[in-house]
Structure formats: structure tokens, C-alpha cells
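You will see chain A twice below: alongside chain B first, and alongside chain C after that.
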Partner chain A sequence: MFEAQEINAEHKDLIHDVAYDYYGERMATCSSDQYVKVWDQNSEGKWILTSSWKAHSGSVWKVTWAHPEFGQVLATCSFDRTAAVWEELVGETPCPAERGNRHWVRRTNLVDSRTSVTDVKFGPKTQGLQLATCSADGVIRIYEAPDVMNLSQWTLQHEVQCKLSCSCLSWNPSLSKNHPLMLAVGSDDTNPANGGKVFIYEYSDNIRRWMKTETINSITDPVHDISFSPNLGRSFHLLAVATKDVRIISLTPIPDNASLQSGLSKLEIQTSAQFDDHGCTVWRVCWNITGTILASSGDDGCVRMFKMNYINSWKPVAVLKGDGSHISSETQRSSISSAAGLPTPPVSQTARYIKLGTIAQSREVPWH
Partner chain B sequence: MGTFSVIQEGPVNALALNRDNTQVAIGGRNVFKVYSIEEDKFKEIYNLRSSKHLNLSFSCNDISWSLIDDNYLATAATNGHVCVWNLTKMGKAMQEQDYQEHKRTVNKVNFHSSEPNRLISGSQDGTMKYFDIRGKTSVATFVSNTESVRDVQFSPHMPHMFAAVSENGSVQLWDVRRPDKCQQQFTAHSGPVFACDWHPEMTWLATASRDKTIKVWDLTSKPTLEYTIHTIASIGHVKWRPQRKYHIASCALVVDCSINIWDVRRPFIPFAAFNEHKDVATGVAWRGDPQVFLSTSRDCTLLQHAFRDASRPASKANPQGMSLNNTGEVLYACRVPANTNLSKMSGLIRKYSTSTMNNSSDQFHLASSVMHHFQTTLSQEPKCFYSLALNYVLSGRSLTEMCEHNATVAKEHGKSYIATVWRIVKTMYGEEYIQNSFNSHGCKNNEDTVSHTNIPAGNLALASLDHSTDNERQSRGGDTPAAQCSGGDDETETEDQVDHGLLYNNGFTSYSNFRLGLPRGDFYFGDNELDIELDGLNTVADFKSSFRNSQQLGEQQDWTLPNEAFNIRHEIQNHSPPPEQFPNQNSPDINDDAPIAVEDSAAQGVLTVSNIPERCVWDPSSIVISALKYHAMLGDVQTAACMLLVMGDQRRLLTGLDEATQEHWLLGYIELLGRYRLWNIAAQVIKLSWLPNVTQLNQQSTRINTNCGKCSKPLQRAGWLCDRCHTSEYALCSVCHQVVKGLYAWCQGCSHGGHLAHMMKWMSLNKTCPTGCGHSCEYS
Partner chain C sequence: MEPSLKTFTIPDELCRRAGIAATWLPINELGVFAYQHVKAHSPDQPSAYGPADASVFKVRQQVILFEPILRKLVNEANGTFLSVQELMSTNSPEFKTELLKLSRQYRSIIRACLENLQDEVMRERGERKEELQNYITIFYSVECVWHLCEILFVDNIPGNVVLPHLLEWVRFHFPKYERKAAKLLAGDLVGLESQPDYWETVIGLLMQGRIEVVRALLRLHSAADSKPFKLVDQTLKAMPIYSIYSGISATEFNLKWKHWLVDTQSKIDAKLFISERHLHLMMRLSVGEETAWNEVQNHCEAWYELLAAWLFYTEPTIKSFELGQYARRCISRMGIALHMRHLDQVLLAAMESDIIQVIKEIQHMSENGWFASHLTDLLYHSGRLDFLDTSEADDLVASRLRECFLLDYGTLLMGHNSLWQVGLSYLDHCPTDGINTIELLITRLPLGSEARAQKIIREAQKRDLPHIVQSICKILGMNSLKRGRIGNALTWALKSRDSGFASVLADKFLREYSTNGKLQCTDLLDNLGSSMLVSDRLVFLGKYFELHKVYQGKNYKEAANLIVSLLASKLTPKYFWSTLLSDALPLLECNELVMSSNDTFTLLHCLEEKCNLPEIQDKIELIRLAAARNLARALTHEAQLN
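Moving on, here comes the complex of A and B:
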């Protein structure tokens, strides 16, 4: 398990996003070097680069997988003001010897934005193929492929103006029919005077429009990442926010008559937890598939994991060092600041992580 | 010095600063002015278009300001004229020279930086002209042999050298003394080159092209490409930043209105960007100071930019990526800290004064990421989910058995709290409980069931209610055999009990002990077991009817039931449709029956138990619901969904649980199962589901299109008969040439296939189609 496995990711600039596919078996990376790479694990668990291509003419900010029901499909967004949808073709390559048996083709290029497209996410599978993008000038766009078999045809369904520059977005993946389609958008606007930096939009079936339903005013610092927890059976939603610290916001729908009429739900917003463990800017937040563990990463170069013990009680459970130099699991360190203020019992089981390998990126620095 | 601007009458094409950077000349189609630059504003000193004698010579493509004599300006006019302006003169005399030598638009003019009076021009007609502005005609003409020259620039390093770039993508280096032949020529870009700029210190030439790249060439000896910057749009202008060796400013010709400053060593993302312009910028001029520059734009403005007002795209960029997968593994990519880079480099290049290296702009280009893949050693949760999903029994046995089994499974996985919930469900809704509650009055309980007597006596009414519903469920089970896992037509729960009784006797001795301790009601089942084996289908009907009768009669008459069961069996043999086959019609009856049973028992209970009237119906559903909701809230939708499934029709008693929540849980569980590729279990859940939105999941996308294996024509009819070939022989198994009954596997590429086993065997050894059609078949 400790055998050193060093693979050069060979991205020539910063890696901005890594994404597991739906089954957690493939990986896509994207970088400022304008390339997107797709990796597969071989039988020994080693990551093998299967595809690499120049996807954009600017930094590629995000890469995201579609549900496998729609095929092997990726979406990317870039500084070059476009978002693109890619599909993997297996076999039937004109020159199989050269490129292996698979390659990715651009199915569409979404060019509506006039500024950098900062995030792109596929909507819940139940909605068919929907794609949301947000851009630095604060426009959220919802695209739809009316025919899921034809990925080259996307129509711009909605354009929602958000008054601040958008940096990240997240679909609410809830499967409940009680929950309307919901999007959360974060802004990296640096001026605290501009108010809350997280906005909740809901789709109203009655008027067929996306409406801003809430602004989370407790967060006035720039938001770098935002992620709805998978909601497999909860009546409320959990939203993780990466800002100067890690926040977990719970959104509880309040049933009332007005919301029944508008088709939009009124939400009660509470901060479930707030962690300053990174002690610096937090860049990413990510949930496990059941929404029980939250991972965050920050400028301290660590991944920190938090686990929910019982209602509104979150506790740090593990720290992974990004340079792989030292890995500690923390059990007793209690830096929790739970909003509920409940005492936290020691967790019976802590996840211990070991480093499997390093994908180092030794960029050759040109020097003169 | 801050950012400020002045608005013009029309788009501005070019600008030029004077020698000491205090004045700026701007020109456009209908703009031609000189401004002095003050602390916070531009002050107009000349408007050269105020002349009464306006002509096309006043429309500028480019402006150059003599760096020797501050009074001389040169302009490139759209009509092919090159004009020289003397700012000390007035009126028409200002236009000191008007060279009408170029046949087409002049794109660029450039004063020599050290030789006074020397001027060069480049034109759309493909020629360059060298002027001494004291003379009336050009001194030399250089023919580029290209379509058009877009930019000409004197080299600051070699006094006689100038560079010219042209629309065919080539760069030419000329010596002004050798107009016959260019010194060097090379193809720099795959599209038109629009601009070039000499590095102030190095012998580098930057070229900008429509191919969306800026290239830096080292021209010390042979031209070598040093850097390539990829941009998002065609680049119209480039200008090196003074005192910053690696920085260069660029503005796009289209699309991108911002002016970007790049570090050539990091060619993918601008070091700084200035977004003040509303339209594309047409020119950039540094004021000698790396912190300040001026720009003109098609949006009719002249702007001074201060570097402190720049936006830094790289600082907004997310330097980290992270992803979790379903087995708890973590991928994490983060920026290599700058000091790490430093230490790496200091190993290579001995020492660097850290003071300069700490400067953020010096570290800007040191951008690289490391990526790690972490795997948990104790990724309990996902494994546990997977194992529980495989081992839970969701249908095909009695509620009690399923609960007990699942509780055992949960306990084996260390989930004792989930096991407890299973046992609670068993206790509340299981058959044993119901019988025990009857028996608690009439006979003694065994040690295993003692705990059940602790349930408030008020359960009696509930129990009968439960029992009736349970009975209905059983009858339903008989009616819809498809709903049962093991699937025999005449299968009932009683039969199942036979099987599982054996199973438990083998595997779970403790459980069989428990069953031995079952009260009398179970003996009754036991009696029937023999009959079931003999009588098959009919037994089902009379078992159920007898059972129903037993309920209606109440617990006091239980002893008579076995006899009745036998009697009724023969009667019902003659009635072909037993009434239980219409559960929906029956259910109200049963519900009606239930209160009767309550009344009966109550009436009879008065004799023995004093306080029965005070007992109210205790509904355990609220507790069960909150337990399920709690698990769902914890992210353990598996427990919630499985319990709902196992409870079968008993879940009707969970009146407090709305259908939307039930649907949410089931869909959530199916989603999770999909993540782990547990399709069989997901299909089972869908099949067992009672909610239309869930059951229809496996009704979607069920259409399969088939093609004829010979002519590839879609098969229109049912079956494998091709309308064109008039035969179905190509639908035979391509390996054994037999008709395929059951599962037919075929390649969607060539439409050939056959028995699954045969195809698997063939494809494990071969890559191409067994028919020899040459297709590399894909089975995914």
C-alpha cells in the first residue's frame, strides 16, 4: 500500500479542478494550461492517463461529469468565456494506433457569456440534461439539451442576472418532489458592503422562471466554492460554503400557503456549523455521496474532513496534508464551533488515510 | 497617478507619447488631438482637426512621435499618405510633409529612436518606405513580397535594423541600407501578424497574430521561439512593459475589451487585466513607468491606467481541486507553495536574494500543482452500505423473519443501533407480536416473548387492527405473486415459513429456539404446512379464509380454528375466485371488521380485565416514523427505505409519513444503489415499490431497436424476421448457429450476436465478430 507511485500529471500550470465520475472510478482534471485530462485506474489501482486534449483557449476553471446515463460526458468552463460539452467516443477512431481506442469530441461550445465562465454543473438527472453556468459578470445561464441523444444541440433556457460577480454554483440534488429545483450561487466579490455572497434560486413551475428566493446575509466574505449536500432523505438541505472559513448552512423549507401558490418554498436558514480550522482562505468544499462527510481544502494545503454526529453537530475527523508529507487524523482536537452549541461526544470511529501515491507535477520552470 | 479618461468624438485608432511622457497624441478617423497629461486628467493642447482644410490625411491609422525632436509627429493615413506634423507651426503649415507614395492604406509609421528625422512606414500595398522628413520623397522602398505589411518597428538594439510583419504570417528583418533584400525572413504565425514589438533590453521580438497567440522570438542569431502565449482572441497590439523583463501588454482585435499584461513565462493566464474599456483597445503606451500606461479604444476614450487598479485573474482563480468518490477516496490537487519552488530552484541555481523572490510578481510564473490520491484504510461506511444492501432481505418472507434477519445482518456489521430499530419494527408490526398480544390473555408466554407483554394492554385493539391488515397483505401476496421474490405462482407466506423455518434450523439455532417458544398460533400454521405441500394452490385460499375467520371470531375461539380451516378448505374448493383476490374491495371490509373484533374482545374482556375501557389505542407509528426520519437525516437512507419496504402494507399505519417523503427515501436508496452498481437490488426496490413515481422507473427507456444481422435494416416487426431478407436465420447465435431462447446478446455496431455465454466466451478470446464480418465488437 505504501509503494511510491509517482505520476506526472504534466499539466503545465495550476490544476483548477479534479472530478471523480459518478461511480468514482474515473477522474478528470483541468488546468490553466487549457488542457483537460481524463484518467482511469488500472488493475493495480494506478492512475493511467487515457485522454488529454486542449479544450479551451484560456484557463479551464472547472470540469464536471454528467450522469453516466447520458454517456461519458464532460462539461468544462473557461476563462475564454465559453463552456463546452465533451463526449467520449470509444472505438471507430480513424487512427486507433495513435490515440488509443477512445477520444473526446466537443459536442457544443456555449458562447453566450461575455466574461469568464466560472462554473458549470449538470442538473439533477431527473430533469434530463440541464446545464447551469455562471460567469464573472454575474449571469447565471441554464441550458438544456432537449434530445438527450443529441449532445450538440443545447438551448439557452434561462438567463438570470445576479448583481454580483459569480464564482461558483451548485444544484440542489434532492430527489424529493417536495423540493423545487434549486440552485445556490456564490460570489467572490470582495466588498463586504455588497452584502450576502450566497444566493438561492428556485425554479417556479407556475411562472416557469428562476427566482431568487434567498440571500444568505451571514456570509459577506468572498465565496470560492459552494456545494449542496446530497439529499437522499432529509427534509432540509445542507449547503457547504467555502469562504474565509468553512460554513455549513441548513435550509429548511417552511410550508405556507404563499409558497404553495408560487411553487417556491420559503426557507429557514441557519448556520449549522462554522469551522476556522484552515485558518486561511478555504477554496473547495466537497461532500461524500451520502452527505455525511464534508471535505474542505484551503490555503494551508490541507484537506480537512468533518462528520456529522447527530443533528447540527459537526466535528473534524481527519486532516490530509496536500504535499503528502505528513498525515494526521485528529480525534481530540476540538475546534468545533457548532451553532447548536451542543457538546460533542468523541467519535468512535475515525477515518485514517494513507497516501497511496503522488501525482507530482514537476513543471519545468524555464529559466534565463 | 490614478485611472482617468477623456471621451472623444469618435473611435481612436492610435496614440503616441512624447519623449518625456508628458503629452500624448491620439488619432482616429475623425480624432486628431494632443493632450498634456496632468495629475488626474488630460488637458487638450492641440486639436489638429480644427483646421478648415480637413481631408483624408487627417484620418490616422497610426501616430508616431519623434523621440529626438519633441515637435514632430508622423501619422499614417487611411488614404495611403504619410504625414509629418510640426507642432510649432499653426494652421495649414502644421502639416509639414505629405508623402503620397503608398498605393493603399498605411498601417504603421515609426520614428527612429536615436537617429533624428528618420521615419519608416508600412502599408497595405506590401511595401515599406524609409523617409528623411527633411526631404520631399522617400529615401528607400522595401518590397516585402507579401500582401500587406501590418507593422514596422525600428530595433532599439541595432540602429539600422527594423522588423516588419505581414498578413501572410511572416516576419522580416531589414537593414535600412539594404533595400534590395531582407536580412531574415521567417514564418511566425499561422495567421496574419498584426503587430510586433522589440523588447527594450533583450533582442527579443514579440509578435501578435490572429491565430490568438503572442510569440516571443530571440533574434540574437537564428530566430528561435522563446515563448508562446495563448489568448482568447486575435491580438491587435502588443507592448513590452518597461523595467519588467517578462511582462508584455496586449490588446485584442475583437471580442476581448480588456488589456492584458502577461508574464511570458506563464503563458496561459494574464498577470493583470484592465477592464475599463467598453470596446476593444486599439493602442497601448507605457509612460516610462511600469505602473502607468495609456490606452485608446474603439469606445472613443483615451484612458490612463494605474497598475494598482488592475484586476488579477490568477488571484481569483481557484488554485485547488478536490473530489470525493463513493468509496471515500479523496483526490486533491493544490498549488505547490512558492517556497517549495524556491528551494527546488535554489538547488539548481545556487543562491537568490530572497528579497526579490518574495515579490509576488516574481513568483507569479511559478505556478504548478501537486495532486494526491488518498485512500482510507477504514472506509467502513461504503463497504458497510454495500454489504448491507446485498444481505438485507426485502421481500418473500414474513415481516418478523425479515426484520429478524435484517437485524442480525445489521448487527454483524456492527450496526447494533440499526439492529435495534429492526427489532422495534418487528415488535411493533411483526406477526409474533400480534399473536403474542392475543395470547397474553389466554396462555403463558415463553421467555422470549415475555418482553412483549410489557406492551401496554391497549395494544389489543391495535393488534387486531394490525392483524386484519396483515391478513390483507397476505392475501395480496397471494394475488400478486410477482411481487414476491422467489416467484412461484402459488407461493404464500406460509410456504415461505416452511422454507425459512428449515433455514433457521440449520443456520440460526437461537432463532429456531425462539420459534419453538412461539405461542399456539404458530402451531396452527404448522398444521397447515403439511396441507400446503399436498394441496398447493387451494390450500392458500382456505388458509387465508380460515385465518380471517379466526380473526373475526376473536381470540377466545382460537381453539376451534384448525377444525374450521379444514372444513372451509373443501367448501372453497368449489368457489373458484376467492374473495381475497380483490384486495382493494376487501380492504374496507377488513377495516370494518377490525372494530368489530375490538368490540368483541372488549366485550369479552370485561369479564376478565377490569380496565379495558380506559385503554386507548397506542399508535407506535409516530415513534417508528421519527426513527426512520432520524436515520434519513443522518444520511442513512438505506435503513429508512429498507424498513419501509419490509413493512409492506403495514406502512399504511404510518399515517404521519407523507408519500413524498417515502418516495424521497426510495429514490435516494435507488440512487445510492446505482452509485455502487447494485442494479439488481435497485430493480428489486423498484419492483417492490408501492409508489407510482418509483415503479415507473423501470418502465422508462425500455424500447430496444434491433437490426437485421445481414442487411442492417431495422427490424420492424416483433421477432427477428427481416422484411428485406425474408428470413430470420441471421438472428441465430453466431457461434453455435442455434436459435437463441432467452437472453440474446448482440453487438450494436454490427447487429451480430447470440447466446450470452457463447458471446462472452468468444469475446474473451477474440476481438472481432464471430460471424467474420470484421467488426470489432463492443460489449459494454
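Moving on, here comes the complex of A and C:
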């Protein structure tokens, strides 16, 4: 059973991305209306809009939070060919809970791309403050803030050509020191003849360059989203891919002498799971914190959740779907009460949750 | 059997028209929003839906365990869970008996919880009442299944004589007859049979095997002295009841029992009870006459109520492994095979000793995994899941099964503001993925107040996760810094042993001092001790503060030594030279000679090296002069000494 709290995002058009901070207490949204908004949860659980600013001069595709060790930092990327880094400044308020005196300033504008910047992600925190972007013309860029206390200085460290138009990227969050930094990039190039659409890049400490180490040739359809799973101390990495279906790819490092020399790992690539439950194109994939549940969004208008069970196989566990037909009764009720001249209750500061209705009255599936 | 998926609806028209996407937020909640994918190469234009009222829906699982009224259940069960783990770590040879005790403890926790709910339900009305009633149904079923599992899988019943336990179980869950009997016996004893439910109670008790109570009630019938009543009393008294402690073997018992059956049957055949309809029925029931049982079975609320009664009179020596077939027979007898409730299915699976099926089914009980995790853990420790490890059929491993439930349950509790420590204790007992899960989750706990942050840090320290502690301290330091509380920030920086961060903060102190001449947080600086070694800049700050202290204490000689060592240390930040050199002035001009010629040379050397810094230009002449005068004094003094 699920319940939901509705937060009116106050954007003037569809939201392209929603990102939560490390603790899930802050929410950033971005939209075609070129605005970025930041929401904070108050002590009663209600979400309050605390900042809203025009961040770009085109649709804002993605928004992402840096690790809180670096402060309150956001990165955005846009159709306007730029990516930007934002930092929140807190005014000198005696009470830390007061939200009024905060605002976000643009620390840098990364203007190296000549086409739409399609994705932006901060690297693992052990690497300091690194930022990867990818763009529609197939260039991956790695930026770095050499002084994490000064976010207005960013240097373009690496520029990697990826032949095909890039749509999404993901850092491997794995905490292990035994393998090099790893990035996966997906392409939404539509021509199957161009081969695999997911590329794995690794950073070689020896030659100080990012090298393409693998192409996942089993995926030749356009890829729209890609996400490494949080690693629970596994010896292999898991990568979720949104393409014509949902794929979960495992990447297992194979130790050999060549990899020891180059500092790059050789990977054995296998498809762990493949779901065509959406029955159509899959747009987004997202892992929960522990990497035990994958949520995917597809062109069927559904969010589907897949969970790993005790025999280590993935099973669909629940589906969410938009349905406006049930809200009419709610609005009706309120209109009746106002017609009767009853005073409307004051806007509550506490979060109101509504129970979600179900479509299929079949058996409940264990969520946990 | 693959259960079909449930689809939950997001009540939003835009979400229906455009489709939706979702982002996870810690821990296991989803942000769902109307979403339409736009390809990077398509032109940037307003969507077909704009201007739109775009909403984000924060979707979470409904967790009844977070209800305040169920909090006690969560906490107390945690205590019992930890006792189970401790028991298993001591390798006690008596662990089976102890496990049974702990199983009963779990059940008494559920019963206490049910009592609470029942009290509460009286006080409430409307929707809330319904909700509470729903919880009562859930935990009633939980207790019912647990009790049966305890009898069948945890208790080591001597000789596997399971029936007395089953009867006890049925009596507990269908207590109405005993309650009525108590009421009857407590009331007016004259003409008890005139009470409307007298016979129903008597027969109900008979079916529950409460022979003594049945006899007591019959004796209070106004016709108790009549012949049929006396005969029934005698017959019931003579009825052999099987017990492992009676000292007779099953064969011996069966002989006695068969004899009693023949005897009683002959009495029935002789129509000795026919004058009393109810007594006649009772006797026919007691010999297991099918038609008699057909008459009463409709009074049974559940098939397992009938099962226990039926077995008592037809198969008193039944072993637990034979239960399944009789259960199925009972179910078909009552004609309910097609409308089995969920609880019925779980109980049937238990009677068929299909533990895996039981575990699968109890996940559907809507108590958020409380039951499945605790029961599976108990069954695992009772050795009841060992068979999984030896069967080659699938990849299911007992320890993995147990761990999966504990991981899920622990993670669920970690998502609660005040139950996270309880959650940790479950993750602690997951040997494979526990610590990794803790690592991922503990850093996601909102730090909130200082006291809460300290608590989280302590839990991380307990589990030997120094990098987590460092990271949390760093975040707290950063938060303090952003709020302009640099003293606080420095405290956290020291705890996180982050040298870069400490340097940045030390810089802030020094810059602040060089602009306005004030040193903040003197208490903290006074107590830096060896922790200052984390960064050179901090060492400089610490030493510089010491200089201030000794100078204020008018210990000029010591101050001179300190300033010279600072000058020579190469730790001085560029922006601070002006301040430091100016600080030397009063020492050079001191009445008493405190700087030797060597000291002065060191100072002059630094001065020459830094003479290009713009901010010392206006002081340079002054310092040179003071240095020259001090040098003269010092050389004269030193010459005299030699």
C-alpha cells in the first residue's frame, strides 16, 4: 500500500528532472520553463519552496546535487548548451531553521559544449569535486574544482569524443579503491548499424586519461537513461539501462596482467535481467539507496519497480500510473463545502498524505 | 504461482496524459512527476501540456509499524530478537527450550499489542476505528499463525503428540465457549439449561476437548440425576485421553480407546440416550459418527476449529506430519476449498509442513515484514530451514533467506526518525550485506540537531566505520561554516581529521584577526593540543594564539622565542607577514632585552625576504629601526657576557 503527498511544483511547463539531496530533505526541480526550484521539507514534513530562479535560456534537462561535504551545491545542464554550478548562500541568520535568508548563486557557467548538454553528474566524493557532462554532439567533459572551497574556479580536465550523440551518463559509485574511476555513457543514436549504445570509460592513473574500455554491444537501440547501482560490497558492478526495455547489466572485473599494467580493468559483461514489462520505450531508470529496487519509467505512462529477491533474481513488485479520474470527488467535496458557506480550513503546515488507489484488485505483492 | 502486479494510481490528470517518471529519495520513497521525454535534437519549445500545473508526488509505502500504538510491538520485539541472537551466540546446549520461551515471548508481545488495540478501538469511532480494527485483524492472524508454527516447528513435543497443543491453540482462538461456560457457572446455577446458549456451549466445549467442563455443566442440568445424564457422565469420565505422560504406549492407548468406542457405540445403539436429543448427539460425536459431525460442522467458524475437534475424537494419537491430509479432508468436508481466506492458506501450508510456502504467504500480511523477519529468524535458528541448504533444487539458501528479510525490515526502520537505531540492530545481524547496508544508510540519516548527529556518529564508531564518522563530521563542519560559525566548524574539522578543511578554517581565523585584530573562539584555540597537527596552518594558528597568551601574561622572553620560531618556521601565510612582523615591534622595543642578536638577525632576514609585500611597506622602516636598536642592545649585552 502506498500513500502520496502532492507538492505543486509551480513550474509553467513539464518538469524534466527531480533531484533529492543526500538526505532526501531537499528537492530540486527543473523544467522547460528554464527555471530551477529548490524545496525544503519543514519539520512537519511539508515541502516549502525556498528558491526559484531562471537558470538557463533553454529547457533545463537535468539537475543534480553534490555531496553535502562540499556544501549545498547543484549542477544543471540545458538546451542552451551550457552546464552550470550553483551554490547556496546562507545569510547571517541567528536561527539556522530560518529559510528566508538563502539564495543560490551561479558559481560557474560551463560553456564548452557546442550543442545541448544532455546530462550532468558529480563524481564520487573521494575524487574531490568532479563534474561530468555529456552533450548531443557526443562529447564527454570532465571538470574539476581544484579548490573545493572555491567553486567559482572550474577547469576542464578531460574531453572525450564519443562518436555518437550522448543522452545520459552515470558514475560508478563503488567505494572500492581496487578499480579505476568508471563512467558509463549512453547514446540515443537511432541507427542500429552504429553498434552498441552504452560505453564504459575508465580513468587510467598511469596515462592520466579517460579511456573507452568497453562497448556494450548487446544494446543497439537508443539508450535514454543509464544508472550504476550502489555497490553493496559486490565484486561486480550493476548498470541499469533504459532502452527499448529495462536492462540490468553486470560488469565483472577480470584480473589479468594487462589490466595491472594499464591500470584499467577488463570487464566481463553480462545481462543480469531484461524486462519488457513496459512494452515500449523506457525513458528513465533509478536505483534506491541500497540498490535493491530499480524504478523505471516508460512510454506506457507507468513507473515500474523491480526488486531483487532472496534467490538473487529480479522480480517486478509494483506499478504506478497516473490517473486523474479519482480526483473529481475530492474537488467536488471542496466545492460543496464552499457552496455551503462553510469557512475553509486554514492552509495546514503539516504534510497531508492521500492513500493511493489501485487498478488491479489482485493480490498484493510484498514490497519488502 | 506468479502473483499478478498491483497498479497504484497517482491521482493527477497531467500524470495520466503525459506519463510519469520517478526518482528515489532516501530511504525508499519516490518522487513521482508528470514526464514526457524530449530528445536532445528536437527543437526547444513549450510542451503540448503547458502551461501546466505540474506536481511532484512524494510516494511512500504505508507503514503501520510507525503508528504510535504499534511502537511498543516494534521495540519489544526488537528486545526479543536480540535475545535470540545472543542465545545463539552462546552455543547453549539448551537452546531449543530457550528458543521456545522466546517464541512465546514474541507471542505475548503480540497479545499485549492486541489488547492495546482493543482498548483503543473502544475509544475511537469512524475511520480511525476501522483502521484499528484492521490492525487487530492483522495481528490476530499473525498470532494465530505464529502459535501454530511454534507448535509445529519450534516446540520439540515429546513423542510428537501434537493434538493437545492444537486443542489449546484452537481454544485460544475460539474462546467463546469457555467464556460462556464461565459466565454460566458464575450466574444462577438453578435450571442452567434454560439459558439460551446452554447446549451450544456444552457441545462447543465437547468439541474443544474440555471434558471436565462439559461434565460440570451437565451436572448442573436440572435433569442431571436422570439416567441418560448419569450415563453420559460416566462415559465421558471413562473416555481415555492420550498423553505422553500417562505412561502408556500408543498401542496400549489405542486398545483402551477402541474398547471405549465399542462400549460407547453399543450404548448409542441401545438407544440409551435417545430421550435426550443433545446427549445423543454428543455421544455420537464422541465416537466419530459422520452424520453427527455433519450436523455440527456448520457451527465451526473455521476449518481448523473442526479439524482439532474431529482429530480429538477420531485420531487422538496423530503425529504432526500427518496433519496435512486431515486438514485437506476437513476443508473439503466444509466445502470451503474454493473460498479459502489468506489466513486459511497459511495455516494449511503450516499443517502440510511447507515452511517455505508459509514464509511466502506471511509476506502478504500487511504488517510491513515484522512477522516474516522475526518468524523466519526464529525458524532459521531452530534449524527448521536447514533443509534448504541440502536440497539441490534451487538457489535458496537458509541464511540468505533470513538475511533478506532482516535487511528489508532493518532498512524499513532506518527510514524512521526515531526507530533507526532499532533498524541498525537488525542490520547488525546480517552477516553478508549488513555492514554494507549500514554504510549506505547511516550516512543518509538527516543529522538534525547536534545531539542526534553525535548519536549517529557514535553508532558509526561502534561499527568501526571511521570514514563514515569523518564524512559526517566534515558535513557538519561545512554546515557550520556556511552559517558563519567557524569555531564550531573547526571543532568538526578536527574530528573529521580533514587537513585541507582545517587549513581553510585556520585561514579564516587568521584573516579575520589580520583585518580586525580579534581572535575568535579562544577557548577552542587554547585546547587544540596535538590535534592542531592535522594541518600546518592550524599549527601556525595554535602557536600564534600561544604567542598572544604569553605576551598578555607579560612573559616577554617566552613571547620572543615563540615569535622567532614562528618567523623561522616557514608556516606563516603570506597575508599574515605584516601582522606577525608588527607583533615583533613591542618585543624589540621591550625594556628588558628579550631578543638576542641571532633572533634579530632571523627577523631581519625575514624582513628582507618579504620587503616586497605591499602591506608591510608602511611598517618596514619602523621595524628596521626597532630591529637595529635591539641589535645594538643585544650585541653589547652579549659582548659583556663573553
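FYI, the second predicted complex is superposed on the first by the 302 of 368 C-alpha atoms of A that agree within 3 Å, B and C clash if a C-alpha of one lies under 4 Å from a C-alpha of the other, contacts with A are read in each partner's own complex, and residues count from 1 in each chain.
Note that in this section a contact is a pair of C-beta atoms (placed from the backbone, for glycine too) under 8 Å apart; a residue touches a chain by one contact, two chains touch by 3 or more.
Worth saying up front: this structure is predicted, and the values here are computed from it rather than measured.
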Inquiry  = A:Val317 in the overlay: touching chain B, chain C, both, or neither? Say first, second, both or neither.
reply    = second
Request  = Check the residue A:Arg81 against both partner chains and state whether it touches chain B (first), chain C (second), both, or neither.
outcome  = first
Ask   = Given the touch rule stated above, what does A:Arg209 touch, chain B (first), chain C (second), both, or neither?
value = neither
Inquiry  = Quick one: is A:Gly71 in contact with chain B, with chain C, with both, or with neither? Answer first, second, both or neither.
reply    = second
Inquiry  = Output check: A:Ile293 vs chain B and chain C. Expected answer is one of first, second, both, neither. What do you get?
reply    = both
Task = In the overlay, answer first, second, both or neither for which of chain B and chain C A:Lys163 touches.
result = neither
Query = Which partner does A:Ser235 reach: the first (chain B), the second (chain C), both, or neither?
reply = first
Inquiry  = Based on the A-chain superposition described above, do chain B and chain C contact any of the same residues on chain A, and if so which?
reply    = 1, 9, 11-20, 22-25, 27, 29, 31-33, 47, 58-59, 61, 79, 90, 92, 116, 136, 167, 175, 188, 224, 231-233, 283-284, 286-293, 295, 297-298, 301, 303, 310-311, 320, 322-324, 327, 353-360, 362-363, 365-367
Remark   = Given the complex, residues on chain B that touch chain A span 212, 227, 230-232, 255, 265-266, 268-269, 313-314, 316-337, 340-341, 345, 348-349, 365-381, 385, 629, 631-637, 640-641, 660-661, 663-665, 667-669, 671-672, 675, 677, 693, 749, 776, 778, 780
Request  = Flag every residue of chain A that touches chain B in the complex, lowest number first.
outcome  = 1, 9, 11-20, 22-25, 27, 29-34, 47, 57-59, 61, 79-81, 90-92, 116, 136, 167, 174-178, 188, 224-225, 231-235, 283-284, 286-293, 295, 297-298, 301, 303, 308, 310-311, 320, 322-324, 327, 349-363, 365-367
Contact footprint of chain A on chain C as seen in their complex = 3-41, 44, 46-47, 49-62, 363-364, 366, 368-369, 372, 394-396, 400-401, 404, 407-409, 411-412, 433, 435-437, 439-441, 443-447, 471, 474-475, 478-479, 481-484, 500, 504
Key: List of chain A residues in touch with chain C within their complex   = 1-9, 11-20, 22-25, 27, 29, 31-33, 47, 58-59, 61, 68-72, 79, 88-90, 92-93, 96, 115-116, 118, 125, 135-136, 148-149, 165, 167, 175, 188, 224, 230-233, 281, 283-284, 286-293, 295, 297-303, 309-312, 316-327, 330, 353-360, 362-368
